[in-house]
Amino acid sequence: MEEAQPLRQEGDCHGAGERKAHHSEKFKSNLLARLNRVEGQVRGIKGMIERDTYCDDVLNQIAAVQSALNSVGRLLLEGHMKSCIVERIEEGDHAVVDELLVTINKLLK
Amino acid sequence: MEEAQPLRQEGDCHGAGERKAHHSEKFKSNLLARLNRVEGQVRGIKGMIERDTYCDDVLNQIAAVQSALNSVGRLLLEGHMKSCIVERIEEGDHAVVDELLVTINKLLK
Amino acid sequence: MEEAQPLRQEGDCHGAGERKAHHSEKFKSNLLARLNRVEGQVRGIKGMIERDTYCDDVLNQIAAVQSALNSVGRLLLEGHMKSCIVERIEEGDHAVVDELLVTINKLLK
Amino acid sequence: MEEAQPLRQEGDCHGAGERKAHHSEKFKSNLLARLNRVEGQVRGIKGMIERDTYCDDVLNQIAAVQSALNSVGRLLLEGHMKSCIVERIEEGDHAVVDELLVTINKLLK
């Protein structure tokens, strides 16, 4: 698992208004750096297809992007569970559990 | 399954030199259009994180990109199997089966 | 999602001693009925292999068992999150979040 | 990958009648030994649920069974591709490629 994410940040994932995330800037830049790489890899795959690169090589690149994207999803799930999920449960807002289950089931697909 | 991909295209995934794919332009533009959307979705996720969008919404977007990327992988696997894999097996080049198994196992992860 | 699982059952997944689940008998018999079917399907696959059944048919049966097992896992994850996870978070025992993340990551594999 | 599976066995996955697998007895007993363990593990999970074992432990066991079942699937896919798939392609029976793609897509789920 990534460096321990401080459990609670200032912010309001449980305010009356629009729910917001409240990750540290360090956590956000880690996610953004990974997503930049994913974006570059996707562009790279487009180039491979344009150049008629042998499919097996392209398929391996797609598997690499899927793996990188999985890592981003896991990091975000961890950050979410250690902040908003805990906060909303502690306030008795158990609806967040159903919300989380729906999302986890999509990621499990 | 996508419209029937004509089984064999001119091209040489089995030449002595560097192996190349030989998909129809229609197939390639289909893949490229999908990858353009994936690239845009990844950029969209970066924006969501920069704007502190509620994590559950971001996680759902990541699941959508994974699903779109899976579709590209499946289309490419089909195109690959109906062209290079069949050609190389027909020429007795059974090493392609091990190559394909390694790639499928990565996609199965 | 399966019929709403009553959020809290009598029982002690947060006692000092050995942690125990505390599902309703109805929930447990649902899980057990599904697992009985999975067990039968696995036995069926063994029979198919013994009888040299065409591999494609056997592979499809394996995919069906995986899907049935996934359903059991999701049901159990839901029951777990709506009982022990919520209880332990409400008592300030946030270590349960790391425990859950490790398990979810294994299921995501 | 498992010990090299001899590419072709006597047998008729391409006869007019019912298609049959034709694996070596050694390969079959390897698959059956693995499936025996899976069957035992499923029975073990039923026991854990009957004894109200803490859900996290049960979920980890489910992940272990899924992983063992995946291994059986991959072995069988390899055996299938190195026998029937190659034979039927070599005889010009390309319909086997579509059949295989449908099965792989189910395993990719």
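Each chain gets a letter, A, B, C and D, in the order it is written, and its residues are counted from 1.
In this text, contacts are C-beta pairs under 8 Å (C-beta built on N, C-alpha and C of every residue); 3 or more make two chains touch, one makes a residue touch a chain.
According to UniProt, the chain labels map to these proteins: A, B, C, D = Metal-sensitive transcriptional regulator.
Quick caveat: nothing in here was measured; it's all calculated off a predicted structure.
The fewest steps needed to get from subunit A to subunit C, moving only between touching chains, is 1. Matched by residue number, over half of the contacts between the chains of A-C recur in the interface of B-D, chosen from A-B, B-D or C-D.
A separation of 32 Å divides the Cα centre of subunit A from that of subunit D.
Each chain gets one centre point, the mean of its Cα atoms, and the points for subunit C and subunit D are 22 Å apart. Chain contacts: subunit D has residues 70, 77, 100, 107, 109 touching two or more partner chains. Taken as a graph of touching chains, this assembly forms a single closed ring in which every chain touches exactly two others. Annotation, chain-chain contacts: A-B, A-C, B-D, C-D (touch as defined at the top).
By the touch criterion stated above, subunit D contacts subunit B in their complex at residues 1, 7, 70, 74, 77-78, 81-82, 85-86, 89-90, 94, 97-98, 100-102, 104-105, 107-108. Those residues of subunit B that touch subunit A in the complex are listed here as 11, 13, 18-23, 28, 31-32, 35-36, 38-39, 42-43, 45-46, 49-50, 52-56, 58-60, 62-63, 65-67, 69-70, 72-73, 76-77, 79-80, 83-84, 99-100, 103, 106-107, 109.
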